[in-house]
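Shared chain: chain A. Partners: chain B in the first complex, chain C in the second.
For the complex of A and B:
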């Protein structure tokens, strides 16, 4: 019965070993889906490349639907999985900043390291900037702390919040994602026609 | 557009549709049969009446006595500060709130040790830890603490020390001219924390 690490099916050491391989796999998939290119990532904003939207939506819906099936088959205890605690105002602010960062910088934190691994210089500067940002945030944290911890809602899920069954959320998101795949593909086609030279 | 995308879209849609019809499984924690057998065979769950008496006299806050007899018997008499969780209400959420609280050691007792033992096995099966069974139950309590027997002359010195302790404990509990008076103090409300969720994985993006 999962989660296998905390239910003692595997030891803590094996857990670390698996984490290393999962990390490698994650990095590999990021690189293979073209996330090591700043153009691909910023492309979602300009409308010529929606690979970011597609990859992340795929990850979300496969995980959502997969977790529900795993729980149904009795292989995973959903009450034991980690749920990020929700702080509404700081999360909204954070995602706006992160979105701006992705358009301006062309990377998100994980992809910048994937890109550093294949020798992208812009990614190297992005990664350095990341650490500078972390340092600045840590230094001004006492001033931000009140805002940072405001609006705490706990470890809630959409099902806890709304009372709508998890299956409906999974189905709804899947439909949205599948529609998004086809819509983005057609947007891409239109926008790319106007671009004379496109390579990444 | 690649034909594979049509297939993938269709598969994902069907799978997502399926999630509407499956119900989430509510899993109550339990331990494996092997582990249960091993724990049942261990005598470590038994505590003696002397140990309980000592802790009661010391007013040990980490000790929680749970009377698993039916409520009628509990109302007649019980041990000081004991709470009543009859065996048949052990599996209800209200009955379980006393168990598995961090920092609390729960001692189960009944008239003899049989009912308490059954309760202990049930609780262990439901993966609760830190539960104990009072050896001999209330009968043993009467025999050892309330009416202690004088050891024979040839008994070792420790037996006499224990006898002295039991005599003192008897004074303490029966209130023969000593402290602890009044029936009202014998059943107090116990403040308990709700049982925490089982461990969750820590992590993030």
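For the complex of A and C:
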């Protein structure tokens, strides 16, 4: 039963080899979907290209539903998978800063790496920036530590927080995603008519 | 779509975004099934920063409140699952670039109304902000937003919603960079 590495069904070293291949799958999809272009990513925030919304939300709902099926079949123990912890103040602040960084830089870390791989110099500069940003964080960490650890809610899921079952959340996200696909497609059509110089 | 000028060469042919989303979801599902982990990226950049600090000044790094946390277990700071995965991300991007013929001489991609210098300056500044933000946010768009939200983690949904909302809220001020 999965997660198979955690349950000792594969060796630690094999798990690292598999990591390279899983990363390759992820990098391949990022590049093939067009995330290796900062203009494609930024497009979602100006209405001319919603590829980010389509790929991202499809991936989220596929994974959500997939996890529920794997658990239902008894193939995956959901209590053993990593659940991101919640630290309210620092994660809200961090997300605002990341959003600002994304609109200025045009990438997020994963997409910048996929873009570096095909020779985008702007992505390389973004990746160098990431390194500098994390270095600055590490250096000022002693001053931020208290804030960094404040508002800890634990490794909580939406179900822990609300009592509403995961299946309903998956259903809700699917509905939201479908509405978002439809709305963004119509916005994109209108905006693209106005933008003449954008080559797609 | 029809009203847009056709690109000079057919080098920007991407796969269907919904197919891309399904494939991305499957990769994430397999990752969780095999390793129980998230598909992160920024943690690997952190590991490279820790590794650098450890080379420049091993003693100071071990005593540092931040670097010290990642040097306790004794093995190399870049010998983590995440670092192998990110190596794969670069290889996978390269593979797709080769397959779809998008590899070309390194160039700067930019909006129609922005100079190369400004684009690159903005890329570095954006990267610095994003990098700093990932540490507070416990991950980036991949490890926190995508993997977190997909595993029903409240923190993941929080990062996903606020990150995209923030980019949208600031978009007006940086429109000259893109449109």
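By our rule, the second predicted complex is superposed on the first by the 199 of 200 C-alpha atoms of A that agree within 3 Å, B and C clash if a C-alpha of one lies under 4 Å from a C-alpha of the other, contacts with A are read in each partner's own complex, and residues count from 1 in each chain.
Quick note on the criterion: a contact is a pair of C-beta atoms (placed from the backbone, for glycine too) under 8 Å apart; a residue touches a chain by one contact, two chains touch by 3 or more.
Everything numeric here is computed off the predicted structure, so don't read it as measured data.
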Which of chain B and chain C A:192 touches, first, second, both or neither: second
Which of chain B and chain C A:152 touches, first, second, both or neither: neither
First (chain B), second (chain C), both or neither touched by A:74: first
Partner chain(s) touched by A:82 [first = chain B, second = chain C, both, neither]: both
Which superposed partner A:174 touches (first chain B, second chain C, both, neither): first
If touched residues of chain A are counted for chain B and for chain C, the larger one: C
Which superposed partner A:36 touches (first chain B, second chain C, both, neither): second
Set intersection of chain A contacts, chain C complex versus chain B complex: 3, 5-6, 61-62, 64, 80-84, 110, 155, 166
Sites on chain A touched by chain B in the complex: 1, 3, 5-6, 61-62, 64-65, 68-69, 71-72, 74, 77-84, 110, 155, 165-168, 170-171, 174-175, 177-178, 181-182, 185
Interface residues, chain B side, partner chain A - complex: 1, 5, 9, 12-13, 15-25, 27, 197-205
Complex interface listing, chain C residues touching chain A: 1, 3-5, 7, 12, 14-15, 17-18, 20-39, 41-42, 45-46, 48-50, 52-53, 64-67, 81-82, 84-97, 99-100, 102-112, 119-120, 122-144, 146-160, 162-171, 174-175, 177-179
